[in-house]
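Labels run A, B, C, D, E and F following the written order; every chain starts at residue 1.
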């Protein structure tokens, strides 16, 4: 479990720090899941007809599958690009 | 997670359980807000009209099925990602 | 205090768990209040004229009252429907 | 809350107080963001124009009155819900 | 460090309370920064052309500077106005 | 911050470090969501098209530069505000 390479090589963490790192990773995975549910719902679900059916139809289903795949793809591409251009300059506020 | 030892795993597991209820609550609240926003826009009545209620119920089902499907794909993609990292 | 039936029948919780459950319930009530403020503001407040007045006018006020009532109604209906169709399958990610 | 004993009530009360400040902060920040978004869209000047400032002040009052009214209705609905559950 | 006058005069806080107040202040500053990034991005960044360039151009840059300044201005004006009209009645839910 | 003593400062510093990682994560997630929303809307393919990828990379750079600039101005305004309060 090493989302975004977190935690991978870091040596000699205290027990408390290791559990905290695992918690941070869990929070990030949960956050990504919530964002996916939200974003792909907006992109894929047809509500123009006032929810004419409770099922996810075939078109919507395919769209959801690809939406998730492309979101992961985007996540990876953004991470690689940030490393390339030097993400160290990132947050600006510190 | 292989870098956590037994006691740490246990502590982490406790954290996970505490968070699961919160996650469920959040998804539930998101669902209510979204279905309300999408289905209710007549404020001349104090209770849901039958048309609004029908819309809310279908929206609920659709949202649940949607989030299930996202969950299944999410897990697959996550496993793929982990495999590629090793 | 048993929003959504939480905590009602659950037996033999430790002190820590009981306080945690109460905290979770408080957080949920607060979260719902914040969502109501946001959602009903969007549904009811007329800002087209660039906020021509600081008061909540009669139409807006009635709209707010009904918006809150219908939001609670929706909350209950969603909960009942989820129990009926089996909310156990819900979050998908576990 | 009747299932909490004295010491637990006290502990919970402490939590509530810690959260009230945060809640207030959040509502304040929501208000600022909303009134800014609704009222300010001219970026040729560095300070608020008098028209923008007037809009922000009216928006502030309206938001406060709105959230007060939502709060009153919220409490009523909550009490109704609790009563029906017993 | 006394954003919004917080913590300024309050006497005799316990160590725990002082650290908690400092944490609340840090959270608020962070939250404001995040809202600024989000709001000024929406107000200032031209994405109509599908992100034709990775740079922040001159117009966008000037807009960002003024957006931040006006956001702070708004924050102060709202605070002053709330004190004037009696913010005590504020959250309504308590 | 002058009202915190040495030990309190240290405790607070630890808190700050714990939060910095979270802040970074949040900004990263916001960036991904925003660039995905703005750049990806063709769901007939399973991987990013080259046009979408180009858009995502430019969006990433722009967002980073934007948040850097906001950060610089934010700090200036904050210092100004602190100075006026003394």
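Here is the rule we use: contacts are C-beta pairs under 8 Å (C-beta built on N, C-alpha and C of every residue); 3 or more make two chains touch, one makes a residue touch a chain.
Just so it is clear, the model here is predicted, and its values are computed rather than measured.
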{"item": "Both-way neighbours, i.e. chains that touch chain C and touch chain B", "value": "none"}
{"item": "Required steps from chain A to chain D (each step between touching chains, minimum)", "value": "3"}
{"item": "Chain whose average C-alpha position is farthest from chain D's own", "value": "A"}
{"item": "Most remote chain, CA-based centroid, reference being chain E", "value": "B"}
{"item": "Geometric centre distance via CA averages, chain F-chain B, whole Å", "value": "25"}
{"item": "Interchain centroid distance [CA atoms averaged], chain D/chain E, Å", "value": "16"}
{"item": "Chain centre separation (chain A, chain E; CA means) in Å", "value": "26"}
{"item": "Junction residues of chain A, two or more chains touched", "value": "27, 32-33, 44, 65, 69, 93"}
{"item": "Where chain F touches two or more other chains, by residue", "value": "23, 26-27, 39, 57, 60-61, 67, 69-71, 74"}
{"item": "Chain order, ring traversed from chain A with chain B following", "value": "A, B, C, D, E, F"}
{"item": "Complex interface listing, chain C residues touching chain B", "value": "4, 20, 24, 27-28, 31-32, 35, 39, 42-44, 62-63, 65-67, 69-71, 73-75, 77-79, 81-82, 85, 87, 89-94"}
{"item": "Residues of chain B defined as touching chain C within the complex", "value": "18, 20-29, 31-33, 35-37, 39-41, 43-48, 52-53, 56-57, 60-61, 64, 67-72, 74-75"}
{"item": "List of chain A residues in touch with chain B within their complex", "value": "1-3, 5, 7, 15, 18-19, 22-23, 26-27, 29-30, 32-34, 36-38, 40-41, 44-45, 47, 50-56, 60-61, 64-65, 68-69, 72, 76"}
{"item": "Chain F residues within the chain E interface of the complex", "value": "1, 3-5, 7-8, 11-12, 15-16, 19, 23, 26-27, 30, 34, 38-39, 51, 55, 57-63, 65-67, 69-71, 73-74, 77-78, 81-82, 85"}
